[in-house]
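The following pair of complexes shares a single chain, chain A, combined with chain B in the former and chain C in the latter.
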Partner chain A sequence: MAGLVPPGTTAVPADVSHTAHTKHDEKTDYMNLPCPIPYEELHREALMSLKPETFEGLRFDFTKGLNQKFSLSHSVVMGPTEIPSQSAETIKIPTAHYEFGANFIDPNLMLIGRVLTDGRVNARVKWDLTDNLTVKANAQLTNEPHMSHGMFNFDYKGKDFRSQFQMGNGALFGASYIQSVTQHLSLGGEVFWAGQHRKSGIGYAARYETDKMVATGQVANTGIVALSYVQKVSDKVSLASDFMYNYLSRDVTASVGYDYILRQCRLRGKIDSNGCTTSYLEERLNMGLNFILSAEIDHRKKDYKFGFGLTVG
Partner chain B sequence: MAAQPKRGGVSLPERRPVSKPESNILARITSSPIVSRGKQAASDAAFVSRKLIRSTGKAAWIAGTTFLILVVPLIIEMDREQQFNELELQQASLLGAPPTAPASK
Partner chain C sequence: MASKVSLKTKGKGGKGSKGSDEKSAAQCLKDWSTWAMKKAKVVTHYGFIPLVIVIGMNTEPKPQLYQLLSPV
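Coming up: the complex of A and B.
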C-alpha cells in the first residue's frame, strides 16, 4: 500500500484517508483524554507569571519542620498597608504583625492553620476521601463583625472531567464543571448564587494547552472577559500576556510580562496598560535561604512600593 | 486671533495688542510690525520649546524608571547565570580531566 502513495504528497484525492493516517503521529484517542486542571486554576500559568505577590516593607518567613508531616511557621510583616479611600489618592497606614502557623501535610489530609497578632485566624483543610473525591474547607475569622467567612468545596474528579460544588456562608452556592474535549482543549462552565447579595452568575471557560503554550479564555455574565496567553520560550524563560475587559463597567486592562526561572533566582517582571510596572525577584542565597525583592511603580497614580524580605526554610 | 484655546490641547499664549507707534526713530523701529512680530515669534518658540523639554523630560523619567525596574535586574541575573555556568564548566573540566593535566586558567 505504501508504494501507491509517494512520500511528500500532501493531497491524493483517491487515497485521502491513507495519507491522512500516515501524516499524523498518533490519532487522538477520544476515550483516553487527559484529566483537565481544576476550574479555578484555569489561568494558573498566567497568574504565576503576571501576578506575583508584591508587597511593601519588610517580610520575614521562617518555616521549621518538626516531623515528616508537621511543620511550624513564623512570619513577620512590617510596612505600610493601603486602605481603600474614596478620594483618588492612596492612604497608607504603617502596620506590623506577626503570624504563627502550623501545617500538617499527609498524602490524604492537609491541615493548615494561621493566627495573626491583629486578631485574624485562618484555617484550611483538604481531605482526599477517595481517589476521586476531595473535600476542601476554608475559614477566616476576624475581629470585625460580619467579616468572617467560611467555604466548603466538594470536588469530584472523573476520567476526563472535573466537577466541583461549593457552599459558603452568606448562602453562597457554586458549581463548576470542566471537561477535556480533545488532547489539548478543555472547556468548562460555572454557576454561582450569592443569597446575601441576591446575585447569580454563570460563566464559561476554555483552555488550550500544548507543550509550548497555554491559551485560556473566560467569559462571565458579571461582565468579565479574560483572555490570557503564555508562551514557554525555553525551559528557563516564559512570556505571558493577559487581557481583561469588563463590558458592564467598560474597564480594560492588558498586561505583558516575563518569567525567568534561572538556577539561582526567579525573576518576574510585568508592565500594564494602567501605567503600572512590577518586578519580583527571589534569589537563592543558600540552601533554604531565599532573598526576595519586590518593586511596583504606578506612574499614573505616582504610587511607588518597594519591599524586601527573607524566607528561611 | 482665536481667543478660545482648543479643549484639551496646548495652545500658544494670547498675543498682546500692538501699541500706537511713536515719533522717535528708535521707538518707531522697536514698535514697528516686523520687530513686534519677531518678538512674538521668539516668545512662541520659547514657549513651545519649554513644553517640548518638559514632556521629553517626563517621558525620559518614565522610560528610565521602567527600564530600571524591568531590565536592570534581568541583566544582572543573566550575567550571574553566565558566570555561574562558566565556573561550573571550569570545575567540570578540572574534575573531569585526569590528575596529570594542570589546572587551566
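Coming up: the complex of A and C.
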C-alpha cells in the first residue's frame, strides 16, 4: 500500500502539467512530439474537401457484411467515360460495368480485392508486421500485356517521424521521410527514381496544423508547387483553398471550396480558376442507405457532368 | 560482294561464340526473375480474390456458403 501511493501521487501532477502544455502551449516538450501523418496524406484535409470523387451517370454500390471482418461488395456503374483526346473537345464513350469486391479487414491485416467485368483486378494489401513496421502492396492487373502496375511500400513509424520506402514495376523506387519539428509543424522530403522513364525527382513538404486550421506546402523539382489551407470554422463547416503552380509548364490552378458535415448529409462544393465548379452531396436516407448526387460543370471546356447514385451498406 | 558475305558469316560466327558466353550469372538471374514475375502476376490476377474469400470464410464466426451468393 505504501509502495502503491507514491506512484499515484506522482502520476496525477504529471497529467495536469501535460494538459497545461497542450492547452496553454507554454512550453513545448521537444522529446514528446506527436507522430506526424504519413507523407502521402499531407494534403488530406484539402483533398477531402476539394476533390470529392465526382462521377457521371449512375452508380450503385452494395456492401454486404458476412462477418465482422469479411465483406463482399457489388458495384454497378453506367455512364459516359472520358477518353483522352488530342483535340480540345472531350470525347465520351458510354460504358457500363459491374465490379465485384471482397474485403477482409483485421487489425493487423487488410486485404481488398476488386475485379471488373473486363478482367481488370485491383488488389490492395496492408500488413502490420509490428507496431511500427507496415508493408503495403497495391496492384492493378489487366489482361493486356505491359499495362499492369504494382507497387510495394515499406513504412516505418518512429516516435515522432515516419519513413517510407517504395518499389514499383518499371524500376520505380521512392523514399520519403517526415518529422515533427514542433508541436504543430512537421517537415518532410521525398525522392523518387523512375527507371523506365529515366526520371528522378526530389521534393520537400511542410505541414502546420492546429485545432482550427491546417496549412500545407509542397515543392518538387518536377516543377510543382502546391499550397493548401483548410480552416475549420465550426465542427460542421470547414473551408478550404488550394493553389497549384507548375513553374516548368507555367500552369496555375487555384480553387476554393467548402465542406458541410451535417447530421444527415455531407455537402462539398468548390470553384476553380479553370472555370470549373463541383458539388457533391451525400445524403443519409436511412441507416446504411446513402443517396449521392454529383455535379461537375466546366464552363471553359463546356463539359457538364451530372451523376446520381445509391450506396447500400 | 564476296567480301561482304564473308564479313556477314564472320560476324554471325563471332556472335554465336559470344552468345554462349553471354549466358552469364547476371543474365540467368534476370531471365529467372522475369519468368518469376510473370508467373506471380498470373497467380495474383486469378488467385487474389479467391484467396481473400477463402481467408474470410475461415474467420470466426464462420459464414455459411449460401451467404456468399444471396443478396440478403
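The definition used in the following text is that the second predicted complex is superposed on the first by the 287 of 313 C-alpha atoms of A that agree within 3 Å, B and C clash if a C-alpha of one lies under 4 Å from a C-alpha of the other, contacts with A are read in each partner's own complex, and residues count from 1 in each chain.
Everything below uses one rule, namely that a residue touches a chain if its C-beta (ideal position, glycine included) is under 8 Å from a C-beta of that chain, and two chains touch if they have at least 3 such contacts.
All values reported here derive from a predicted model rather than from experimental measurement.
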Combined model on chain A where chain B meets chain C, clash or fit: fit
Which superposed partner A:146 touches (first chain B, second chain C, both, neither): neither
Partner chain in contact with A:260 - chain B first, chain C second, else both or neither: first
Dominant toucher of chain A (residue count), chain B or chain C: C
First, second, both or neither for A:281, with chain B first and chain C second: first
Touched partner set for A:269, first chain B, second chain C, both or neither: first
Touching partner for A:198 - first (chain B), second (chain C), both, neither: neither
Touching partner for A:250 - first (chain B), second (chain C), both, neither: neither
Contacts of A:295 with chain B and chain C, given as first, second, both or neither: first
After superposition on chain A, the shortest CA separation from chain B to chain C (Å): 31
Interface residues, chain A side, partner chain C - complex: 62, 64, 66-72, 100, 102-104, 111-113, 115, 121, 123, 139, 141, 143, 148, 150, 169
Residue ranges of chain B touching chain A (in the complex, touch as defined): 62, 65-66, 69-70, 73-74, 77-78, 80-81, 84
Residue numbers on chain A that touch chain B, as the complex places them: 258, 260, 262-265, 267, 269, 271, 277-279, 281, 293, 295, 297, 299
Complex interface listing, chain C residues touching chain A: 37, 41, 44-45, 48-49, 51-53, 55-57, 59, 61, 63, 67-68, 71
